[in-house]
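In the two assemblies presented below, subunit A is common to both, partnered first by subunit B and then by subunit C.
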Partner chain A sequence: MPLDLHRIDDRLIHGQVVVGWGQPLELRVIVLVDDEVAGSEWEQDLYRMGVPPDMTVVFCTVADAVAQHATFVADARHAMLLTGDIDTMARLCAELPAIRRVNLGGIHHKPGRHQRLRYVFLADDEEQALRALAGRGVEITAQDLPSARPVPLAELLAGATSA
Partner chain B sequence: MSDPVGVPRAVVLGHAGFAAGIVGAARAIAGEAAHFAVVSNEGLDTAGIEAALGGWLAQGVRVIFTDLPAGSTTMAARRLQRTTPELVVITGTSLPLLLDFAFSDAPPAIAARDAADRAKLAIMVTGGSA
Partner chain C sequence: MSSLSHPQPHVTPASLVGVAAPPLPLATRLRIVIRLFAIQASWNYEVLMGSGIGFCVEPALRLLPGGQGGEAYRAALARQSQYFNAHPYLAAIAVGALARAELEGQPPARIERFRTALCGPLGSVGDRLVWVGLLPTASWFALVLFGLGVGAPGCVLAFLLLFNVAHVALRLWGLERGWRAGLGVAQSLAHPLLREGPTRLARLGTFLSGVAVPLVIARLVGDSLAASAIAVAVALGGAGVLVYLHGRVEGWRIALVVAVAALAFLLVRHA
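Entry: the complex of A and B
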């Protein structure tokens, strides 16, 4: 499947995404879904600066991503769809039953969040949103890098912090 | 070796323990001349990194050295240039770069640009067979 990964990562485009996943998956496209970034040329320039010349970044609102998702899937190039928060991914999944798997890549500490893994901190409402997604049949695992063990949501919410 | 006092001339910002390690190496060579603040991205989202840098900017620091051009570190530093346009961000930080900056008497922004130009020349490849 060319759209190899649907990832939630609050750092959006950064080293783990571009290098850690980008090289082994041979990613050529990153679909960055964020309503705020999609409306800011300045932010888009910033993120374009962070990718190598052979990688394309497509900036989408949630509505754009829903409309174009089938096109992304049909694209022969390897791609990752990236959101900066759980809510954005949940909105996508609600409109796109084709999304069957979601990767939690990095959700860092903020007030009100509890640590679940070294790189995953969740507030109560975020946990509920993930449970709801899983309840609709979406497979959710936490995995910061391809070489790390994928941690299933149930294990994550049970409080394991070893990954 | 005593810690340098006063406001550092620059921040070194990196992934995990990168900044602490490379600043430690610079201080082992240059002593107190290697007066850098150290910031890690460990456990922080981009907003958290920006907040960590913001404290140093409030003290007057206007040079940030980062590691990966594509990293969250550089993204956070670059984002601060929007509100602090005089801020200089240098990516691909190396020990020669920091040492050149540390020993310069020029104002930090000029010293940083000069050091970046010279540090590129420090990358050499020797040996091996074609």
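Entry: the complex of A and C
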């Protein structure tokens, strides 16, 4: 499937996405789903600066992404769909049963969040949202880079916490 | 990331740079420049370079209404010390732009989104410009000098001078560009230095490597046929091993083994 990865990463477009996943998956398109960025030209300008010339960034609201998801899947170019938070991905999954797997790529420290992995910090309501998503049959794993071991959600949430 | 339940109106870059910022006093500028050299000193897995950004922006925040320790100062310092990641040298652009955004009194939610959006481009452009461009090019330049007969201390000095002058200049330039552009800094990132620089430096580095390798080998092993044949055989064998190890062993382990082997060779040779 050309839409190879559905990833949650609060840094959105950065080196791990562009190089870490971009090169092995031969990504040519990044579908960035964020209601605010989709309406903010200066943010789009900045995110476009972070990708090489042969990579295209498509900025979508959740509604746009739902409407165009089948088009992205049918596209011959390899693509990654990226959201900045769990809520956006959960809204997409609710509308798109075709999303069977979700990758937690980076959710960083903020007041109220507990550390689960070096690159995953979760608040209680975010953990519940992930459990609900898994309950609907979506396979959730944390994996920052392709060379790292994918950590299943159950293992992630069972791990030791540190504030 | 701020909540999606508070969508912001569409904002064009022109409206982001039109606000007059107060002039940045020379003393403040100097404090920031000195602090830029310690931007990674408190690097950690929780906020990465975030506290470093807060440390570097802090002298400018003293100019906020209420001064050092005031309410605006404390809120801005807390905001600027949150998670941030970028290339340490190009982070100077972020420091300048964020200081300007804070002193212009931009809304906190907008500043936070701006910080998030800056990490990606400053990281990827910086990696390509410095780690893939400047560092190898400066190293190959020093090796060319060695191949041409310059003594070892001279080569090391040339490398240190070239690399350090370049990165100090990059930091000073970045701080100035960021401060001038504020939230409209995307246009600065389209500057030829950042757009064309990585590719041109990488090309220059590749060219210098082609010049340096034969010169260095000639100086090390002499120009007898037997010595040259041994050097070529070692190079071919090494290339074969590298191709085999690619993807099997991490690069830094290979580099460590090669460095130790080179040291051992030198010790044996001079014993």
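Just so we're on the same page, the second predicted complex is superposed on the first by the 159 of 163 C-alpha atoms of A that agree within 3 Å, B and C clash if a C-alpha of one lies under 4 Å from a C-alpha of the other, contacts with A are read in each partner's own complex, and residues count from 1 in each chain.
Note that a contact is a pair of C-beta atoms (placed from the backbone, for glycine too) under 8 Å apart; a residue touches a chain by one contact, two chains touch by 3 or more.
All figures in this text were calculated on a predicted structure; none of them were measured in a lab.
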Determine, for the superposed arrangement built on subunit A, whether subunit B and subunit C clash or fit. clash
One more residue to check, A:D64. First (subunit B), second (subunit C), both or neither? neither
Partner chain in contact with A:V18 - subunit B first, subunit C second, else both or neither: both
Partner chain(s) touched by A:T88 [first = subunit B, second = subunit C, both, neither]: second
Counting only touches as set out at the top, which of subunit B and subunit C does A:E36 meet: first, second, both, neither? second
Which superposed partner A:H109 touches (first subunit B, second subunit C, both, neither): both
Contact-wise, after the overlay, does A:E139 reach subunit B, subunit C, both or neither (first, second, both, neither)? neither
Partner with the higher number of touched subunit A residues, subunit C or subunit B: C
Just one of 26-34, 242-250 or 260-268 in subunit C runs into subunit B once the structures are overlaid; which is it? 26-34
Those residues of subunit A which subunit B touches in one complex and subunit C touches in the other: 10-15, 18-19, 42, 46-47, 49-51, 108-110, 118-119
What residues on subunit A touch subunit C, complex-wise? 10-15, 17-19, 34-37, 39-43, 45-47, 49-51, 84-85, 87-88, 108-110, 115, 118-119, 121
Contacting residues of subunit B [partner subunit A, same complex]: 15, 43-46, 48, 68-72, 74-75, 78-79, 82
Show me the residue ranges of subunit A that touch subunit B in the complex, using the header's touch definition. 10-15, 18-19, 42, 46-47, 49-52, 106-110, 118-119
In the complex, subunit C touches subunit A at residues 1-2, 4, 7-13, 16, 45-48, 82-83, 85, 113-114, 116-121, 123-125, 127, 183-187, 189-190
